[in-house]
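In what follows, chain A forms one complex with chain B and a second complex with chain C.
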Partner chain A sequence: MAAIDDESFVNATAEVHFGDEGSVVIRVTGEVDIATADIIRQAVAVATEPRPARLVFDLLAVDFIDSSGLAVLLEAAKTADSVRIDPASNIVRRVIEATGLSEMFGMGI
Partner chain B sequence: MAPLTSDSAGEDAALAEADGEMSDSGGRRRRLVHLTTIIVVATGVLLTVVLGVAVVTARDNNEERLLRQRTRETAAVLTAALPGIQTPLASSVEVVEESAGADQQAFLRLLTPLVEAGQPYVSASLWRTDSEGLQPLLVIGDAPMLASRPPAEIQAFLERSTAATGLAVIGLLEGDNPRLGYAFASTREASEFVAYAEATLPANRTSVVPSNSAFAGLHFAVYLGDHEDPTQLLTASTPDLPLSGALASERVAFGDTSLLLVMTPDGALGGALLKMLPWLVVAFGLVTTFGSATLIEWLLRRRDDAVRLSEENARLYANQRSVAQTLQHSLLPDRVPDVAGLELAFRYLPGVGGVDIGGDWYDVIPLDDDRLMFVVGDVSGRGLHAGTVMASLRYSIRAFASQGDMPATVLAKLTRLLDVAHDRHFATVLCVVVDIAGRTITVANAGHPNPIMILGDAIHPVETKVGVPIGVTRDATYETVTEAIPPQATLLAFTDGLFERRGESVDDGLERLRESARSTTGSLDELLTRIVDAQMHGSSDDDTAILGLRWQQ
Partner chain C sequence: MDARRFPNRSASVRQARRFVAEQLSELPPDLIEVVTLMVSELATNCLRHADADFTVSVQVETDRIRVVVADDGPGSPQLRSPTPSEPYGRGLQIVSEFSDDWGFDVSPGAGTSVWFSVHLEGNSASAANTTSDRSGAPIRHRVRPMSQRAAGESVDHIRDGVGDTIDDQRPRPEARRCRPTERQRSRNVAWRCRKAAVLIRF
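This part shows the complex of A and B:
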């Protein structure tokens, strides 16, 4: 497990869990915005070297996500064979749905 | 047309204010020396002077005390030395008196060794009182100078010596080489004999004190009598008389008169260090004072520099923010075209706090007499790169529109121009074609918030087929929805900054919007102002673009 923690004033964390059979889970907490996007981006870099078969974002503990945060998830989507968000907080779910990305992140309506 | 925003005037004011602060700081910079430094110097110098005076006083007290002590010691030495010149005279005259003048050899025996070069006396003589007065019986050494004095004076002196119980001092006998004469008579009743001796004074009445003597470092003068009479000077350590400076004196009994010892220090009795101490204290004090003053001045100037730098940074920040906003404004249309039959208005509101350019935009593109296209979009993130992505998307849409592409095609072409994996930005875009005569809109949506329709007190979302945002997948396709717009309705398209807040649900934001949009009286421009005021109360950190459209009544 690798962890990339927040700096004291940055309100987000990202943990990378390597699972069986090429699946990697990135667990994110806090606010994912322009200030914290790089934390997630670093976690994704750790998780996708080498390219995993399945990348899963655990966003249950995410309180806020903006377009910069969404951009990181979309960047990550290109680095794995399949990408899912599971589970997701209501806020994340609403943003994903509103931007037409539910299908891309395996979040059936 | 509506003003773009009212903020640019505020920015100018902020800039002017920053400039004002700069010139203030310029005033501080020109100050020669800080008041604090001057106070430090003044305090330091004052303390140094006070300390110097205190040390001088203490040193002088010490010197005075030492001088008095040394003078008393010298007087004691002098007192102890005097019997050495009295005793032989006293002893010999007692022996002669005892034998009633028979043993005059005793006088010779006792005094002859004392009347030689290097000895106290140059002349000693024995006198006897008879019916004719005092007559010299024996003389050792030189003839007494006393003998050359008038007989009455000789008589008076020798009578005084017989009357005295101890030594009688005649005083200085003037001559080429002045002599001090003194006499001793027996202490018996009706004594007949008087022993008399004369001593010379040192050459020039000056004694040289050896440097290793207990009296080294002192000047002294010894006078016969009780005051500093130059004619009565017996000896002194210096020809420079009377002594001056710090003085101490002691009287020493000498027969029927006295000696006056006057002393003054030659240099410092307490040593060279003690003498220099006040200067050392003053020098140390001044060096410390000016050293700390220099340090303080240096620190104060550093602080001034830091203040000036921060002011300059504030100004540059304001400047940069202004530049970012100016650039953003230049990338957005400052007016929308007049379209017959339609009322159009827009707002662009920069988010607070950031200096970065935002990625929100809006555009209105007339297609022909009956139709126009309007676009509201939002590039993710902020900064110059987001701004350039925004500009390229905006102008690409204009190009596609001029080729006759309809919304779904525009978005499908647009998404190939951007790749989030490469550009780190994606965009949500709402592309709408308005059929003015037909009162319909045809909408394609790439991940963007749905537009809303305000009709009376009600707010209806305009449901669209939401496709993936621009830049996510190259082969994305989009579907359009065509909706009829009722005559009284106002259509609002916006970016998510309008009612997205941290820690607040979208429903709360929509409710606020509903409240502010309730009254449909007044122009579209007034409506937008009302909505913006309500939504921006407690400002958003995100940029917001709003486009409003309604059919003219």
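This part shows the complex of A and C:
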């Protein structure tokens, strides 16, 4: 437990997967907040140079996300022709719905 | 009530979530999830806007959880409704969505404290001492996601009790205690006035 509370402990990862036909998947794990948002931001920078046709966030393994994490996703939405979240964990779905962003990220009913 | 002070650094936000989750460990995971989410938002606001250490206090009562996040910095919280093209400004929106009640106190020279509460329903024993929560005992919290609210329904209306939750259709003695007292109502009125002042600045 001490390790988790250590300031230097970073509890999130982001992987970029370049797919076919201009689609890029960023797979995020862990807790996305003010301390870890830059990890995702760096992955987005890599994934969106050059600008992809489709950017997909795989957020199934995200244990926590707050508005600092949402901010990164919304910034990323400006750097690709289309952006969606698929799949999403429960907390991601909950936060996205509460902020009225489901449609924005292709998570409609 | 348990309280802890956290230093002005980004890792404190996660530590504040851990601290609150520990205080609520007997409660349902679903509830812990939204409370820690709101704590994360308020702690982040302390770092972003006040650039100051902050203190988190957790109070678990029979029928509600109340959390206060306070800092020594200047400024007052501002509830916003950003468009999708605006990445920031959703912290208090999230608190407003997932809490049953929230507000703030700003004292010149003494910092800012923001609080929220979440009601526990059908809980006749002390929440902190209830061990049957995990087996499905009817401890629930009144969280209505935006998707279940009427389009354009404002937070003020929810606070007024217009379209309020399931309690209104199914009156139960223990649920009635969750309704605001006259004192709380008058406090909400004061809060709305302050919020209006905040909104005018936008």
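Following the convention adopted for this analysis, the second predicted complex is superposed on the first by the 101 of 109 C-alpha atoms of A that agree within 3 Å, B and C clash if a C-alpha of one lies under 4 Å from a C-alpha of the other, contacts with A are read in each partner's own complex, and residues count from 1 in each chain.
In the analysis below, a residue touches a chain if its C-beta (ideal position, glycine included) is under 8 Å from a C-beta of that chain, and two chains touch if they have at least 3 such contacts.
From a predicted model like this one, the values you see are computed outputs, not experimental measurements.
*Asks:* Looking at the overlay on chain A, is there a clash between chain B and chain C, or do the two fit?
*Replies:* They clash: once the shared chain is superposed, the two partners overlap in space.
*Asks:* Looking at the overlay, does A:Leu74 come into contact with chain B only (first), chain C only (second), both, or neither?
*Replies:* In the superposition, A:Leu74 contacts both chain B and chain C.
*Asks:* Figure out whether A:Thr99 sits in contact with chain B (first) or chain C (second), or with both, or with neither.
*Replies:* Both partners, chain B and chain C.
*Asks:* Using the superposition described at the top, determine whether chain B or chain C touches more residues of chain A.
*Replies:* C
*Asks:* Between chain B (first) and chain C (second), which, if any, makes contact with A:Asn11: first, second, both or neither?
*Replies:* second
*Asks:* Should A:Ala35 be classified as contacting the first partner (chain B), the second (chain C), both, or neither?
*Replies:* Touch status of A:Ala35: second partner only.
*Asks:* With both structures aligned on chain A, tell me which stretch of chain B collides with chain C: 75-83, 291-299 or 543-551.
*Replies:* Residues of chain B that run into chain C: 543-551.
*Asks:* Which positions of chain A sit in both the chain B and the chain C interface?
*Replies:* Touching chain B in the first complex and chain C in the second, residues 31, 34, 64, 66-68, 70-71, 74-75, 77-78, 94, 97-101, 104 of chain A appear in both lists.
*Asks:* Would you pull the chain C residues touching chain A in the complex into a rising list?
*Replies:* Listed in rising order, the residues are 9-11, 13-15, 17-18, 33-34, 36-37, 40-41, 44, 47-48, 84-91, 93-94, 97-98, 145-147.
*Asks:* Which of the residues in chain A end up touching chain C in this complex?
*Replies:* Touching chain C from chain A are residues 4-7, 9, 11, 31, 33-35, 64, 66-68, 70-72, 74-75, 77-78, 90-91, 94-95, 97-102, 104.
*Asks:* State the interface residues of chain B toward chain A in the complex, per the touch definition above.
*Replies:* 359, 378-382, 420-421, 424-426, 428, 445-449, 466-469, 471-473, 496, 500, 502-503, 506, 542
*Asks:* Write out the stretch or stretches of chain A touching chain B in their complex.
*Replies:* 31, 34, 37, 63-64, 66-68, 70-71, 74-75, 77-79, 94, 97-101, 103-104
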